[in-house]
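Residue numbering begins at 1 within each chain, and the chains themselves are lettered A, B, C and D in the order written.
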């Protein structure tokens, strides 16, 4: 059985497991105060070309979004996201659970537009009764988005420009950042992100780690007593080494980028394979998630030998499905998938 | 440098790391729906002799307490804990953050007394204005407590009896449960706990895992849509295998109990060593945490060569300090500690 | 200066003030346990033809929405509202503050459509990852809506039908209910509402009271310990008589309905006056709020002598403005307004 | 039937009702932006001799405590109160509902001691793991306390001194402030309170108003966007005049102080009556609440003709009961109570 339904099917990059073994009996302090966390932070700051950054490690994406957004927002503020943003749809209300509203702007293949963001912010401040409304207190974007799409550097700068104009921070959810950074179609580097965003996170769980996300505050802007808020959210890891060792390994010898590059190469091969065979794409994704339109019949047949993610109905007989590659995807699996497609002789 | 300050200084039991390596490239579903989680759950249910139990895996203790307590309580309820309970002191207000008050009864070496619990519950219901008060909606105990002490089976039954009388569930925080179960001075087994408590957790982080706690609902009483509340708290792990593999390993061939027994043996040796040398104990702990009274001078001298935890001032010149053993403590380190004590010729 | 900007410009109906004076020195118990609350509840149940109803009094609309929605929802649930619903826009995030998301369906002149509601609910339950999403746990509608519009009895029944199908309660915000019930264009009675909805509130603040809203649970479905949750929200009134006397008066001799009828008669006169003079309406409101399109010039001129509410820009030179009548509106003020319009010779 | 169980048995001072009548048909803006709120604020600032104060009106005590404490505290902070403080016992967890812990110091007849407060604050900051604990972020005291007792000016200054030392604000709950200020045994004036406290509230509900509490921020320290947080808590009154008119009346011609003085005179007469007849007091209250020890037999007999509040069991056969006077207590009722006592020939 082939499997392409997501990018967290396997364990961790073997260099990480190796490092666990090598360091296992060292006695180090808890709660992130160990030398591996220190080393990982230093390497991340260097990779971001942002020596003044503060770096923290949390275990998962929803947790990171809830902790960061809650810690940054004032009590009367909400966060602005694209309608399809992960925080607005697939986090079981984790943001609202912290008492904050998710305000939305339209999504364009998962992305927000600076102009529409500006419109929302302007409308808020011009509204005579805005004191009775939720103050837009920060902007959330995901990069890559939930649809695999990427912002261009110019788009990020425009969104950041609107944020500056209205004096609210820009937060980037990089759950799959490694795949975004290594896309052939991006002009955005890690240091661009550190420069443009006020806070962002570098996803580990979906990019080669067993778990873990690295939050980076870039402008000497870590909320006061952030550590206590992490604990209050139940998000502190007693054995901080679990996260420190993973990120230290990922940011040693460019491993994080190599992992990204591998998944992108696999995605390219997969995408070209589908394209050559005449399949339609729901949208043109430059990253490791590919959204393909299949007929119900094709889905039924394929599903016997390969797992993938059913995304959305598109008409009576067709659905969008997602194939994802990852750090662990093997070239031979793509070949096998293509062979399967050829067997099933799709006629669209 | 010797280190005894806590029981989470090292990584994980090597069998766990070995299992990570062996299973690393298997593709399994996320969010706890993998075969390792399934297998671990089955083994835990068997170890608890509680086939009807529901088992869930979370990453840390504070997180587990917050999620379980919030999921079980009605909105108008609070949780009753001993004054020194972890949820009342060292969780940065994580319980209150979920909107629930921690109601307290006096602590006796970390333990609550059934009679005092009953008094609080009776007083609440007899109070004419109890509708203006927080309803006591569940009882929280830790076992071992924060002071290393243990409830006897009779004490647990008495507390449970009070809970039944007032129709509220009993929740046991077993962050260090393995050490409690293997204490030579306990008459409480894992199946006793499953029988007596409505919900409890089996601590992994402090008993040989890199992270992870196993929540056990024992009476067909899992709160509806518990999984969604786990997600809402940011407590869901995408790669559920991280937790499943660890607990599957811990509950294979009695590893969890072996780990506990080793730490208890080491603690006994340490305790006897201090006792033979005439040291005073703050209290008589039957588990892996030992609380010893040292003079400030002794502390200063010892700290040069061994790390331990400074707990509390006891008078002008003396402090309570904690020495903890763990699954990873080596006998030779206890010997080295004793040699250090002999060197420093303590006169109390 | 004429004033039409809202329906809470004056104090209270004079019969209410009279009742305050008459009963002022009677000593009655606090917290809603007085005879006036009892009497008011009985009268409301009778007016609703719903003897099994439970009635509670709160002080304001946002408070009522937050308390009722939070008390009814499970922790993993959110409330579904029309995009323009008061709870989604003008309550400063009071619902999210209680930890619950507001899920939205499109608004059609302030109203939701049963079909679109059903679509959202169906989509939720069909979504393979709905356990990672906020469960739609109740439906919120306002009647009249924020745009003065009304649901027909059939529309309410259709929405209730969808709610029944998905087993979630229907909640109706009746901040201006009196004006809705007495509209000449409605076929919905108070007892219809009690029959169709699971919980609703009868607005007092905007319909002749100084403050106060009467919450009606119609199906023996008051959440357990609702009173304690009211207190927890800071929404309990020590001198419950303040609310009891007001609602007892409003529901004596049909006063509540008379008040409604008066405002509707005044609104009709106002509406006809504008229509006769050739003004355009933003929408056709059958209640006490009228939404008229004025040019910026007209607005500037009119504002010197009459206050009204600026609602929204509609194009470069025109805005939607709101004129509201109330229980206290005097016919002569409408006449004076028409005279002002005639003076200003509007040419649209 | 005589009634002394609390100080909110009657409606409002008749001058307030008179003012409602006189102003009823004036059209004024909502949400506290009316001239009566403005006038009331100016008078309160003058009465406090604190021209830089910011004044806000809310409807009840629990609401005021929850809104003020939540608005002032940072997310990682809790409020310190005496064990018996209203926020810790009788507010149904309203503070915890906002996510904040109530930290407690011992209560001495309802009062906290500066030394014990300092001890708690010092212990927190000296604790090596204080980042895992709730930060004490403000201090709450009630004056008069729940036991009718009063702080001396010196005691208030000492508590404020500790607050300054640890840089946290002091908040005074003045639900019954009028009775405290007019006690014959106090040396604390309203301007002292404004000078010593960072924020406090002047209780209306229990001191002659139908509802309403006036919050006073004294040091240019109103939390940013406080109004929005008031709305978010469901605590904003649409017809702000309801509160403005009441406080404007209470602070015209010293009415608030006259009301206080009357209740104190009545309490003195009641206290002396009990004392002359040989009754014991639970404590020596200098304000309008008197706590007397009665035998169960006496209680049973008395209760047939007079209502009072049963407070607490003191031994097998005796209870503490509370008799409260208020702005509305009549001298003849005290006489009648004394006659009842004489009839029942108490033998203690």
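Assume a contact is a pair of C-beta atoms (placed from the backbone, for glycine too) under 8 Å apart; a residue touches a chain by one contact, two chains touch by 3 or more.
Just so you know, these numbers come straight off a predicted model, no measurement behind them.
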Interface with more contacting C-beta pairs, comparing B-D to A-D: B-D
Maximum centroid distance from chain B, chain identifier (CA atoms): C
Euclidean distance of C-alpha centroids - chain A vs chain D, Å: 51
Between chain A and chain B, centroid-to-centroid distance (C-alpha), Å: 34
Rounded Å distance between chain B and chain D, as computed from the means of their C-alpha atoms: 42
Residues of chain B whose C-beta touches two or more other chains: 76, 91-93, 97, 99, 131-133, 228-229, 231-232, 236
Chain B partner contacts - residues on chain C that touch it in the complex: 70-71, 74-76, 99, 131-133, 135, 224-225, 227-229, 231-232, 236
Contact set on chain B toward chain A in their complex: 3, 6, 8-12, 14, 17, 20-21, 23-30, 59-67, 91-94, 97, 205-206, 210-211, 228-229, 231-239, 241-242, 328
Residues of chain D touching chain B in the complex: 76, 78, 89-93, 96-102, 128-129, 131-134, 310
